[in-house]
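Both complexes below contain chain A, partnered by chain B and then by chain C.
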Partner chain A sequence: MSTPSQQLSHKQYIFYMYKTQIGIGVLILPNVLTKAAGNSGWISLLLGWMIATASGYFMIQVMKRHPGQTFDGMLQAVLGKWAGRTVLALWVAYTACTVAVVLYTEVNIIQIWILRDMNQLLLVLALLIPVYRLARCRLQVQGRYAEFVYIFTFWMPPLVLFSLKEAHALNLLPIAGDGLWPILNGIRASLVPFLGFETAFLLYPHLQDKTKAFKGVLAANSLSLLIYIFVFLTSTMYFSSEELRTYLWPTLQLLKAVTMPFIERFEIVFLAYYIILVTQTLSAYLFFAASGIQSLIGSKDHKRPVVLLIVLLIGVAWIWKPTLEEMEMVSGGFDTVSIGMGYVFPLLLWCCWEARRMAKGALR
Partner chain B sequence: MKLTKSLVLTLILIAATGCADRTELDESSLVTIIGMDTNDNRELSITGMVLDFNEESKSQEILLSGKVQSLREARTVLGAKSAGEFLSGKLQVLLISRSLLQKNEMMPYLDVVFRDAKFSNSALLAACDCSVKKLMEGKWNSQPILTEYIRKLIETGHRSEMTVRTTLQNFHYMQTEEGVTAAISEIKPVGKEIAVTGTMLLNHSGKMALHLNKEESALLLLLQNEIELPVSYTTTIHGEEGDSVVSFDMKKAKAKVRTAYSNGKFQFHIRVPIRAEIAELDGPYHLAADKKLIESLLTDEVEHAFKRLIGKLQAHKVDPVGYGLYARAFQYKQWKEVREDWGAAFGQADVDIQATIAIDSFGVIE
Partner chain C sequence: MLDQEERLRPGMPEIKPVLQRHFKEVSDFVMKSIRLGFNGQAVLISYLSVVVDEDKLSRDIIQPLILKAETIEQVESILEPVRLGSYERWEDINKGMWKGHVFLYLDGEAHAYLLNMSSWPSAQVKEPDNESTLKGTRSGFIDSNHTNLALIRHHIPEERLIQQEVRTGHEGKIHAVMLYHPDKADPANVTELNARLRRIDSQALMSMGELAESLEDNNYSMLPQLLLTERPDVVASGIMEGKIAILMGHTSQVMLAPMTFLSFFLSADDRNLRWPVVTFFRLLRFIGLVIAIFLPSFYIAAVSYHYEIIPIDLVLSVGKSLERVPVPPILEALFMELILEMLREASLRLPPKVGQSVGIVGGIVIGQAAVEAGLVSNVMVIVVALTAIASFVQPNQDMAAAVRLLRFPFMIAAFLMGLVGIVIGIMVLVTHIISMQSLKAPYGSPLFPIDTKKWRSVLARLPQGGFRNRADSAVAGNDPQADSSSRSKR
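Right, the complex of A and B next:
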């Protein structure tokens, strides 16, 4: 892994996680969440936020006890050399797959909404250029990019407000009309969009102020929660529940209603800028995977693994041109994996570490 | 080295901008109005208005028509008749003839509109009380460009409370929402002009159920709280001293709804407090002295009109106001039993409506 000497400011740390979280999820969230939880999905979101924050807490707790050590070092210290390396390999596989899933889903969305007849491979190539340039940089540069993305896309969420003109506030009632079960059912759907905070594992050793590490996770999660609840409530008010269940990307559909005298079909502009947001998600996960490979094979820096991964991604895109349906199936299954990695793993790790500490204490 | 690298990169970027696949404006046919009609053979006849960018032609619009099975097929059939590539992203108005609305459900026809991301969903939807072709072929006095004419007609008609304003997106909402039924504007050629004639109400399945005239449309908009104040309203009051035509502007008006459920029926208590400014009064009344009397007479009239409207809606089992949303929000348990067919349940509901009119002022004369 890269040397811990590179410093990341608190702000950069927050935005890095926050913008990694905001990926494809926010586009489909109202649809998935309504299917599971109806109009009370925002309560599930709140619960999801709590779980995500608790998960982040466990992560930071473990990392805190191994100051100066990278993710790799911490894993080996807690789990032992070989188990640690195996788990790291799992993380590499997971993050690399995340890159692939996000990338191909994004390509599919662009194809359906903007570039109808564009070759998938070309789109993959075009998307990977900025991702490649970014992921091979030092972490500091990536942190600055996250800040840039934050400022550059600041105007996007308020656009959704335009649709409030035709909102039906009554759609939000009754709160929890079908009881508790749908809300609990919606938690799974609301856990996935919070994923991205697990990059804290990677970022922790590089933080300028490590005491504020947990606060950073909390801040990033809360910022994302705000966006998600905002988007969910607006689309619930704007659409009928039937519509929300049938529109694949309700958030984009919301923007379709935005018409100004000088521009129609605003969702296209929105989606074009959205690519910038997604590059942050992609490059963060790509960097995670590349750093993992770097410490697994013990290479000098993470640039070579990045090239390797990019070539792999293009290779996959060459052979496999997923349709939207296939992509949905894959990402549906992959969601379970990511919940395991992002939520169950930190808890297990923390338990492992606690057990070890207690065993040591008993020995003494 | 660095310079060459960035040069190559720039070149790639310039080459990859996608200009090879561009669409020239004057080589494309932008369709602005689509009219849907049916004849006795149950065929669908489509009329499309296409913008003409050719400098030498006199009119700015070209009319195309053809017989098709579906809206998407129209793209091929009409596209064959036009010089350019057929594009529906700039659609402004979708006209549907009354006879088609009476015969068939609308949603299956409009599937392509909502499925195809390129379709503009902000186009206005309007019914037309004549053959669509006649309306679109006609030469109308007021405006040279029909698209602009119809669009403005509906927009101003809506602003002066004569009709609803329904975009395709709104229509999709109203058809898919269980607690509401659709309402679209209606236009009709009158002499050498086109006029807004009111509102067309559709039932849950999207067939025509009821037509509201302009006055009823105003009351409907009031119940929907979709009005732009002030709203002017004219009615006749019948007092002991004689009849009198009164026009007034509503300065403040808002419908408030309370719901309940008893005896197996939904109950809606609607209160509509209105603050009015008298604009015209031609009877044997003295405004300043008889203010209380006129207020109560006006209240009677307006309340009566509201009751008639609600009665009509209930008789035809339509709920364009969206009382179903209230029922769902506050009487969820009972709502779940009737959600499949809210229109019928609304038809049996007890609706009690109370209007109160308070006269604020009566102009510059007593």
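Right, the complex of A and C next:
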């Protein structure tokens, strides 16, 4: 992994995770969540936030006990050399696949909403240019990009408020009308959009103030929660749960309510601008994968692995041109994997580490 | 060629031929022999006439020596005010004479004197033409370090300013002066700049621009990274903000480093106008920046990919004007933008009287006639004109040029991928800006990394506390005079 001397400020750390979390998820979240939990999905979101924060807590707990160690070093310290390397390889595979899934989904959305006739491969190539430029930079610069994203996307969420003109607050009632089961059922759907906090594993060694590491995770999760609940509540009020089940991208449909005298179909501009956000997600995961490869093969910096991954992604795009339906299937399956990596893994790791510590204590 | 170690041999007959040999091919070489009035001792005076103030020489040296001096002590006292020292090596003497010093030899002595009588031609201090302000100072830098340093010091009543001379370049022939405030400038920046200056290895630097190119961090960037200015008030306020100024004797530009992206959008007038006005102007500049870079590309994207985002009433009129144009929007835009750049460049290089007629030809003939002939559309002419005006509001010419150049890649991106292309362009540009350093400081500061404390001074200009606050602080600093005077003003 890259040298821990690169410093990331607390703000950059929060924004980095927060903007990695906000990706394609927001666009489809109301639909997915309503399908699972009806109009009480926001309670599932709260539960999801708790689980995500707990998971972040376990991560930071383990990382805290290995100061100065990178993710790679920590894994080897807890799991032993070869098991550690295997797990790292799994993480590389997982993060690389995340990049692919997010990228191809984004390409599909762009094709449907903005550029109907554009060649898929060309779009992939074009979208990878900024990702490549960003992911090969120092972590500090990536932190600055997260700050840029934070500031320059500030205007986006309030636009959703335009739809409140025709919203019906009654759609939110009854709260938990179908009992507890749908809410629990919705947790799975609400866990996925919180993914992104696992970059804390990678960022931790580079933090300026490591004592606030957990607070950072908490802040990032809470910021994301705010956005998710806000979007979910507005779209439920605007569409009602019945309608929401039929719209694939309710968040974009919401923006149709935005009318301006000089621009129509504002969601097109919005969605194009949204690529700035998705690029943060892509480059964060790509950087994660590249750093993993870097410590697996022991290369000097993460630039060459980034190039390798980019070439791989283009190669995949060359061969496989997924349609929207295929992409939905793939990402549906992939959600399970990512829940495993993002939520179950930190818990297991923490248990492992606790067990080790207790065993050591017993030996003494 | 000159022998390095050749020494002066006493005696008039020895010296004259040597001098004549050294300056054989120099047309303004002058050699005069005079005799002291009181004892008839021969004196040889020699110099290069174009760089020496001959009136002063005759008035202060030659005439007194012949007419007034009555003892050898008086000769000494006549020479003393301008004497640089006594020299024996011909190499030193020659170098001195090339710099505008006067050679003086009293017959019979073992060494010669050099007198400082140099007068280099230099312009008068006047208001800089290409950085004009409404209320800023009326004096600008000229091609002389002495004047320039004086102009800066005039603005900063501060005895602790550090003025560090750096000799660099091939054989140390380039001479630069670093000027900074020891408490405000970051020592890391000072050392870095010093090291970079010393690394220069060219024979001669013609201008500040060349020096900037060899000092800046990223040579491949379109964006300016160092500020070149002719205004002493800009340099002075830069120094007080912790920047380092570099002066080079023979140019009228002074360089400031380190710079950030946003600091190129500040103007010298910003300190002189009232704060709401300044804040409004700054906002205008940022809006201008956005329009100058994105308007043509946004238009191209809208008409070639995203008709649906244009409101229905507008789409009809735009469509009508596009109907007659045979070329795709990108060609139309490139054509018009290039013509505009040519007009701008032409009016810059031509003498002012001819320059006006270029404007008429460009504005009326090309604008109106091209539309009527159906070569370009009305809307495109409007777009191009707006873009031009927006790029002219930028206070810094280097940044304005960069902005004008930047819109071409964006136009091509818009042509290839519509809005998606533009957004990709934005991301590449932003990544470029945030990954650059200017010396040891991040170029994107204070936006990225976020430094909210500095936003107040860079993005807007808010009231600076004002007279009441300052009067109180003067009381706290127990200065009774400041106190009473401020009260009497009230």
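Operating definition for what follows: the second predicted complex is superposed on the first by the 364 of 364 C-alpha atoms of A that agree within 3 Å, B and C clash if a C-alpha of one lies under 4 Å from a C-alpha of the other, contacts with A are read in each partner's own complex, and residues count from 1 in each chain.
Note that in this section a residue touches a chain if its C-beta (ideal position, glycine included) is under 8 Å from a C-beta of that chain, and two chains touch if they have at least 3 such contacts.
It should be emphasised that the depicted structure is a prediction, and the values quoted were computed from it without experimental measurement.
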item	value
Which superposed partner A:11 touches (first chain B, second chain C, both, neither)	second
When both partners are placed on the shared chain, which of chain B and chain C touches more of chain A	C
Which superposed partner A:112 touches (first chain B, second chain C, both, neither)	first
Touching partner for A:308 - first (chain B), second (chain C), both, neither	neither
Which superposed partner A:327 touches (first chain B, second chain C, both, neither)	neither
First, second, both or neither for A:265, with chain B first and chain C second	both
Partner chain(s) touched by A:257 [first = chain B, second = chain C, both, neither]	first
Partner chain in contact with A:97 - chain B first, chain C second, else both or neither	neither
First (chain B), second (chain C), both or neither touched by A:126	both
Chain B/chain C common contact set on chain A	115, 118, 122, 126, 264-265
Residues of chain A that touch chain C when the two form their complex	9, 11-12, 110, 114-115, 118, 122-123, 126-127, 129-130, 133-134, 137-138, 141, 143-145, 147-148, 151, 261-266, 268-269, 272-273, 275-276, 279
Of chain B, residues touching chain A in the complex	16, 18, 21, 89-90, 117-118, 120-122, 167, 169-170, 172-173, 176-178, 322, 325-326, 328-330, 332
Residue ranges of chain C touching chain A (in the complex, touch as defined)	305-306, 308-312, 314, 416-424, 426-428, 430-432, 434-435, 442, 444, 447-450
Complex interface listing, chain A residues touching chain B	112-113, 115-118, 122, 126, 166, 168, 170-171, 173-174, 177, 238-243, 246, 256-257, 259, 264-265
